[in-house]
């Protein structure tokens, strides 16, 4: 809305509203009282007041330093929580008669006032995007403040509705996309860093490379999540050959495999609002329609928790799994110590892949799900763990977090739903014969070593 | 999603899911059990199941006859209401300790399961639009069934979120708009009927006529509400001259006044989800930007409850307000009996306008608001009742419901918010001096008549 | 360009230019001298003058009555023809030395000045469209005035360049197309009249009906030519079943045949600028891509010159071809006299179809091409005459001009080019075995009749 | 068109056409004969042949090396020139009777066949763009081959028609423009080099910077010409402050002046096809509409021929104009020798500006126009030389070609047309009082020096 329009409207506010707003917006003689403004926003009904107040509150918030923002959020958490009096009254009514009406009132009464506050803040210009930014700060602060964690539930609940699947729009990103969007892709790539415009171009311009992102109608210039795809004629076992500068471009009609080699969430403020599962399935469908020759849809994914897990094991446990020499070698991998001859690599390969299979298939968290976050994501989506590759990501990051291991998760539409349900209901991890066999051999060698070396501190065969 | 894609996915469902779905979708050997399907939909988590189940349930619903649809909705209302056990448990927890966590759980527990059901039905193709159609039926049935009225609250709550202001897109409708949209405009016009394509053309093609509609991203082909605007160089006092076939088109730069002469809600299933106030304000702003010469923004509105109100008055009351002769004349107006000479019109005019002022300003409902629905809409938006015109709508409908009276509501951006607040908080009706004066003279004449004719049955001076 | 901009520019013209323009545009004290304006336009170089002058000349022209427009065009034809002096000089130079330079100058010198005039008139706003309108008038007048015919060559030459294939944009027209375009489709349909919006809707909304039009970037709101297509599962032998109101819509995947049942040129001012051959081929290609099941692409076309041809034959010739009774019956067909029983129809059918085959295949004009304009169009495009149907168009127009006969021209991409070349180079008409056989039987019967009735005046067997 | 479509069509060609094409396109057993293909293209009529032949010829051409391309063009120039026989016959006919018909035939006969050849080559996919590339090569070769110069006229004539003003589309280029277009802007910038994406961003993202380009509908991805604009609140006298990385962005409403600081032609193959004058005027108009506060529209332009002119003067002449010391100083400027103190600068400033005024206003070419190409461009467009600034472009290029001098050309809509006409008809250079005064003082000093030092070899006062 234009400035004229707003100033006309301001003229139409009653004196109290005018005092509240104008003094602070234009004169600033007196300090702004954010609590009073928020109180006015949740309790008053006028469309224009609503717009002016939300605008004022958000502008105020955006001008605060970090401490000020923390204070503001804490104030909201404490002053706009549930209305205990109203709840007690509603409970009393239910205890008298639990008819639908009373129960409905109880539901309404128990809604924290912060929800309505957030809803109304959304009336400001670009309100949704500004609230996503607010939650970004909130999530950071909530790590150390449980009161803010409760407030975050309101954001999460409302964002779940606002960013529901039906509103997300899948858009291909390529060299014809606007520079404004592309520079955000460069910035948001979280898996395999994009080193500037030329590197980006290599990932989106060739006919055998694709990038798709979800957008939301109220945040047109901000990708929410994106996936990078390589079309290949084989199942790739390492990332460097995919990203190589001098690789040959594959003719589209020869592509048999779509490799999802990088998935990045872009908005920290949308953490926990799930898009990734829709994204991959919609991209699979889109590619199938365009390229009927495609037969395999799979990822080439990191195993980001692999090294941290091994390092966190008690000494006895890690020694049970690995010989001292192999443990040494793996730790060297995390640093600059790549095996310098083929033999050493050949020896280390089954150890790495077997241990990764053990980590991904056998190790579980308290909720009986794998420890690795990327594994949980794809398995939860219905994918199958299809293959494991040692020496697949030789970047510093890849070696440090995953000892250079990468894996393929396969999206087979015929089994996605069955996999998903088995995983969701019973924690079953779908895995290919290849992976199961890697695990079996690993366990066999481990047991063999244990038998031949009954004393745990002794040297290992592995 | 393509047929191939779906049938692949169906192949991936587990046996139970497959039995549930396939039998009914493709074989139909056994009757479909909608309750079981809905139960599966709210309790199961898989993306594909969710899509398939919602699709199956909505297709089933759409194939039902009216009795079947009523049964279905009643089933939902009874089987997917609040979970009393869970609520009782949550109440017990709160009574033990009313910390934020317990209160939050109470809020979650008291949400009727039907809300989650509706959310998930929205995953079907065109889900939002199909649910709007479902609510259309629900609203019709709810008039006579209080259980369905409770269910409607869930729809209303969710639709309020899905159709929030930020998602609505204002689009100008003109002769370059698609025929598919235009035929809906013809069909949905609710105030001054559009008599086919030529009539429509007269309302949207000339440079001094405009039509704006709100659309929602998930219902691209369905206008939600629209307003028709005439640009004029005067404040019009009747509708016929605005719609006349042979009127002269006004050059845009001569226009000083934008007249909103028709506002129509298009979707019965969105009743109670308010768009109208945003619509008028956004159109005002749009027109101001395009045509800086515009100075007045006002409606030419019907008074749809006028005749019904007068007819519903006790005899004594109507006789107090009007002489028998005038009462007779007004009732004649509702039929074909338009005064056939200028004198008769001139005599009747102040009576009609004064009585209308009395009806709009003095008569109130239980909530202290005017009786007339159109008046409540515009006054609630912050408009002012600016003028009243007798013999302004001589169509059968206009005479029958409003005794030919039309009124102007003025949208003055400088006072919209103050008017709105005074109305919302205290029921104050903003009215111009002209209208107040019409009322004053009317009351004066009525009292004068009462004094000179103390016996109610006697003849009146008016 | 805005009015301000223009008036500033006008202020910048020198006095002579200003006098020329302003007096006439705004004051009109003196009569405008179109010849002087045109002279100024072809000889002066300034961008703004060029714009102002072209605008002034075209506005002036559009305000003239028909006689005035004829005078204007005659003036152009006489005053802006070839520059004889310059040509003579260029010829002299060539005769001295026919080097490339001299020949080039001769080419330049021999260009009529009217070409440059038209080029510059094109600088006015909407210049191209206005010049198309001008040529519409010119073509009408040129029928009786050979000087204007010469002028028309300049228009035709320039329009050929401006409307070259590369600029034409093929757009599908359907129920989502703007009303502004659709009403022009209704107006321009030249083969099977569209009886209003509902009739139009039946031709563009069902999934088995299509309409495609060519547009030009400088005439965005004006279709140039369009074709209507029916998708069917058989080869249709009459038009009524295609256009029937209560026909069943065919599922797209069942369609095997695309029937081009109506092709209409929209712009009289673009006569002779050929688009039709590109149109059909592009539509064929577009439909093949969308619907790979389509196997046959053919027209259902009128034979518009059939009746006129028969009526124009010398009596002896028509009697040689038809018995008196059949001649009588056919003439009755042209009026309201449709055979009222199946037997009569069955008897007349081979006569009608055989005579049509004879007319289309055997009768030729001076350039050895068929007499029928529709036949020349499709055969010239490379189509084959595939079938002939009696009683296929029972509308008054169809009976009167074509004795109810319609034909199929088949576009078989495998033979289009060979057909085209054989036709273009040697006048060969491609025809199916069916059509050839119709002709053969017809000729056989005719000869048989002739033999058995050697005297031409006698009765015939046919 | 799809491959299927083409191969079907190829199957439809007659044997001779098939031999011609297929052998070369797919088998290549025999060498392709481009002359025969071109001959076939100009003489045959079929739409498909036309497409196939043009496609084949252009593909062949694009595969040739530079020598091969030169041979091809020479072949065209010699074999497809004017048809001398036909011309002689047409001349004979004209000499018999010079009626319109005969003259028209002479015009047609004298058109070189190469024109029709180019027209038909344009039927290939992306034909226009490929022909622009062909002319790029042709122009390079034509410098040394007059026969090719004649051929270029045909290109120039046809491109003039195809790229006429009505087809050009002005598009704003900003940070929301596609990367594919933006990288071309980086590449094509010809005045002040753009040093990568960050530098580009500084020129198009801030609100006080604009870039506009012309596009053609058949070359959607290729800008034809673009202009860079800075919005300022003063008339800038040097380029560095405009392009400075750390300058402050000006609020749009404070901008009073639009500075066109860089204009680049993008397509070498469109040399001589004029767009620049339309471009500036349309941008002026666009900016005026958007920002009514803008009052001045002017360039900040280089004087690219300044140094070359001075260096090319006979020694006597340069000594007449400048003292030896100043001549020395200026030559130092062209190298790294910028005056290192303010006094030296202050002394050199009037010399530089005066000499530039003399160069721009007084020095003329054979056609009585200024020597400087940039000056001819803007003065020919109707601009006025408004100011001259020494030390305005201190880049190596700016010092070397223009001794650091830059000038402002002012576009004043009130005088554009008058300036243009005075320039076009009489070579009058419009200049401001400031510039005239610079010249006057310069001449005064020069004459004074000449008087006091009558012997040319002696030292100068200047």
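Remarks
Each chain gets a letter, A, B, C and D, in the order it is written, and its residues are counted from 1.
Everything below uses one rule, namely that a residue touches a chain if its C-beta (ideal position, glycine included) is under 8 Å from a C-beta of that chain, and two chains touch if they have at least 3 such contacts.
Note that the structure is a prediction, hence the values are computed from the model and not measured.
Under the contact definition stated at the top, no chain borders both chain A and chain D. Ranking every chain by how far its Cα centroid lies from the centroid of chain D, the top place goes to B. Chain B and chain C, compared by their mean Cα positions, are separated by 51 Å.
Rounded to whole angstrom units, the spacing between the C-alpha centres of chain C and chain D is 41. Chain B and chain D have CA centres that are 61 Å apart. Residue positions of chain C touching 2 or more other chains: none. If you check the complex, the residues on chain C that touch chain B are 175-180, 182, 197, 201.
Interface residues of chain C, counted against chain D in their complex, comprise 1-2, 4-5, 8-9, 11-14, 17, 44-49, 81-82, 84, 87, 91, 94-95, 98, 100-101, 103-104, 106-107, 110-112, 119, 122-123, 127-128, 147, 150, 153, 158, 161-162, 164-167, 217-218, 277-278, 281, 285, 288-289, 381-382, 413-422, 424.
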